[in-house]
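Paired with subunit B in one complex and with subunit C in the other, subunit A is shared by the two complexes that follow.
And now, the complex of A and B:
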């Protein structure tokens, strides 16, 4: 869509082009602003109690207070730490298992049924079991996040490697590449777009599960802070938590697609117009 | 026979579980033997505990997911069909899609209390956007040739929407619904674990608090199996219904 607009505007006068760009830029944020204004207006209309719907300004004030006292930094850092450490484990372990499955018959025999049964399961149900085994601290939080988020990475790696063109591997072999070189220099890069897609599915999952684990186990972290606020019927705190988590989720997802574009700059998909 | 060989690793894990627990290599509170878990499961089926709680969970899941599919599909196709709708909604979708939906659990409780309503709202909000995005991408990529030929054959706009755009949005939308199905289980169980008076998650929590771990394992495995079975059933139904696409 942006493609067509760019072509059209290329033939227009610069002033007109600027006006058009400004209008589109405004249209992009217009509905967000509308939502925020409606939120504030509804909260002030007196139809809802501040408990049901605290004003946006009150929520922003609360976030500001948290930022000043340093609570925001601690909670955000802890949640991010748990989510990102788990994500790193999922990325490394998931790709390794996926690669092992596509290269080794025994690994495939063992992991294939586990992945095909485990992938669609709601693994969050194992949270109480993990608490029972590992307690309520970071180890168990990270464990449950990894259990939940590793399956998309494994599945994407297996599918990605299966789809690598035979000709690529044959020609690398022909030129005298060792097995190891074929794997690291041909198969892995060729499967990387699929693997990245798997990682892009896993990343939001780590945050979803991190928040649930924190809510259930308590302690510091954005999820824990929201739960504490909700126990004390402090709905400003609850809404502040949502806004904070929303911002983190947005930044993480956008950052991930930026990394994807950077890593896959050599791939033909980099030239295609991006959706979303 | 082939499936039996395929699934032997799962069988081996089950046997290893039973042996490890029977010979008390780990404490039986942490890992009750599989046979005890099965016995607890049968007991809970008999006294109806598992069925009433399960029915409550299933009702919430289906109601939330059903609403999400209907509203999500309509929104997605509308966004692809009418540009103003897209301009208005696309930024909102873009901002809310990456929001980890589990963060909404306390808010849905503030709005609708501890009962069914808050879970249905949570699942609806959490599962709608994958369906919307699937329907949007599918409808947008509906082949121009089809649209043109329908138009040249004199189809009016509404007919074209129904006969051309909706069917071509189907495959991607069905993928979106599959994502939503998995997500609905995650949200349902998390919400029930955190605040509920009924349902699978609540049952798991209260059994764990009582220390009846064999029963807790039984419920956990039941939920996991249901999630798996729902996914497989969904795949079967879509393959069977949409055989014309393949």
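And now, the complex of A and C:
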């Protein structure tokens, strides 16, 4: 479809093309805009108190104020720091464990039951234990995030490596690659699309658990700020947190899919159908 | 067979062990000798173990019973003296045409300038000039197989093992690729073992055709198929047609048996 559109628009005047692009861009965000408009209309209708539902404009004003005072930057930076450090740990450790499980029988024997039990369970249940052992600061927050978000990375790595064609490995061996070279130069890149999918599942999880951990442990950070606002019956502050988290989550996921396209430029999914 | 044998397969048997289910005898007491620079086709119904035999010669599967030797030394693992080309190309999809060809040359420790030049030479040889920076996902099946052939030829194996290399291509592309392979083979003569289930392809390409029986695979007969490959009317000659018929009759019985005893 997009292909046909592009062909048609090539013959159109620039102004018309711009109008089409603007309309298309608007259509894509229409449902979000509708939610926001309804929100503002309901808040202004007088049916609800500002305590129950503050107006969107009031919430945006609050975000602006927080941005000016620097609170927004501090809270966002802290939450992002916790989420992204955890994500990095999940990426490195999860891929390493997954690769070890695929290559080594003992590693597989050890980790496979843990993954089978751990993947489906609600790991946030470990939070009280983590607090008891590690306290309520960054170490314990990052720990609970890693516990939660590492499983999809491990599972995707194992599945990805299992799916690598033996002919690919044989080709590399045929050309003189050592076992180590086969792993790093063939198995890993061949499994990368799957591993990336695991990372794309893990990334929003890190943000979710970061916010939840902050809410339950308190302190600075977006989750902590929302709980503080809630305790002071500061409805605008709570909704401001929700909007901020939504925006951050969206940017994170978008950024990740851009990285995916970059890394997997060679992959079928990156191509329009070719003339070949 | 001209001269002493380069590849000797001596009473090799092989059990195939599926992850579930009981094991199957894939090859039963197979013996075969292939001379230096000879082109031999392995022909047989699907499931007769012809690919397995190729993988054993390539060193990708362990020889458990019998002996395979190449130039007098027993085969114990894969080596760049025996280059393989697979039906589904097995190109590295994250590398370009050039990158795929360079990979083997890097592993062989060739100097940078030399390997860059060699890669371009072989891209030219298989007619892919202009596509050296394309990824495999951007190429047609025939172009992928050209790349795979160039990649294998580039590291200069003495022996070329081809596992139904044109089996995944459409009929027209297959015809072109067969002629192309003969042309390349005449330019860079190598010993070739070519697995196929296409009788005409086998007779056209090979010096000798080894017809294999249905599972468990044995060599049923070996038929001489030397023709003037450069004759543009070869396919229309009576001698060629009779040879195809003769071999087709040998294969047909086995194909029927294979249908009946096919393990699902």
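We adopt the following convention: the second predicted complex is superposed on the first by the 250 of 276 C-alpha atoms of A that agree within 3 Å, B and C clash if a C-alpha of one lies under 4 Å from a C-alpha of the other, contacts with A are read in each partner's own complex, and residues count from 1 in each chain.
Note that contacts are C-beta pairs under 8 Å (C-beta built on N, C-alpha and C of every residue); 3 or more make two chains touch, one makes a residue touch a chain.
None of the values given here were measured: they were computed from a predicted structure.
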{"item": "Clash or fit, subunit B versus subunit C on superposed subunit A", "value": "fit"}
{"item": "Which of subunit B and subunit C A:170 touches, first, second, both or neither", "value": "second"}
{"item": "First (subunit B), second (subunit C), both or neither touched by A:186", "value": "second"}
{"item": "Touching partner for A:146 - first (subunit B), second (subunit C), both, neither", "value": "neither"}
{"item": "Partner chain(s) touched by A:241 [first = subunit B, second = subunit C, both, neither]", "value": "first"}
{"item": "Subunit B versus subunit C as contact partner of A:207, first or second or both or neither", "value": "first"}
{"item": "Subunit B versus subunit C as contact partner of A:215, first or second or both or neither", "value": "first"}
{"item": "Partner contacting more residues of subunit A (subunit B vs subunit C)", "value": "B"}
{"item": "First, second, both or neither for A:195, with subunit B first and subunit C second", "value": "neither"}
{"item": "Subunit B versus subunit C as contact partner of A:63, first or second or both or neither", "value": "neither"}
{"item": "Which superposed partner A:121 touches (first subunit B, second subunit C, both, neither)", "value": "first"}
{"item": "Minimal inter-chain CA distance - subunit C and subunit B, angstrom", "value": "15"}
{"item": "Those residues of subunit A which subunit B touches in one complex and subunit C touches in the other", "value": "276"}
{"item": "Parts of subunit C lying in touch with subunit A, wherever the complex brings them together", "value": "55, 58, 60, 77-80, 82-84, 86, 88, 90-96, 103-104, 107-108, 135-140, 143, 151-152, 155"}
{"item": "Complex contact set, residues of subunit A against subunit C", "value": "165, 167-168, 170-177, 181, 185-186, 189-190, 192, 265-268, 270-271, 274, 276"}
{"item": "In the complex with subunit A, residue positions of subunit B that touch it", "value": "6-10, 13, 29-30, 87-92, 94-107, 109-111, 133, 137, 182, 185-186, 188-190, 193-194, 200-201, 204-205, 208, 213, 216-217, 220, 223-225, 227-228, 230-232"}
{"item": "Touch list for subunit A against partner subunit B, complex", "value": "27-32, 35, 51-52, 109-114, 117, 120-129, 131-133, 148, 204, 207-212, 215-216, 222-223, 226-227, 229-230, 235, 238-239, 241-242, 245-246, 249-250, 252-254, 275-276"}
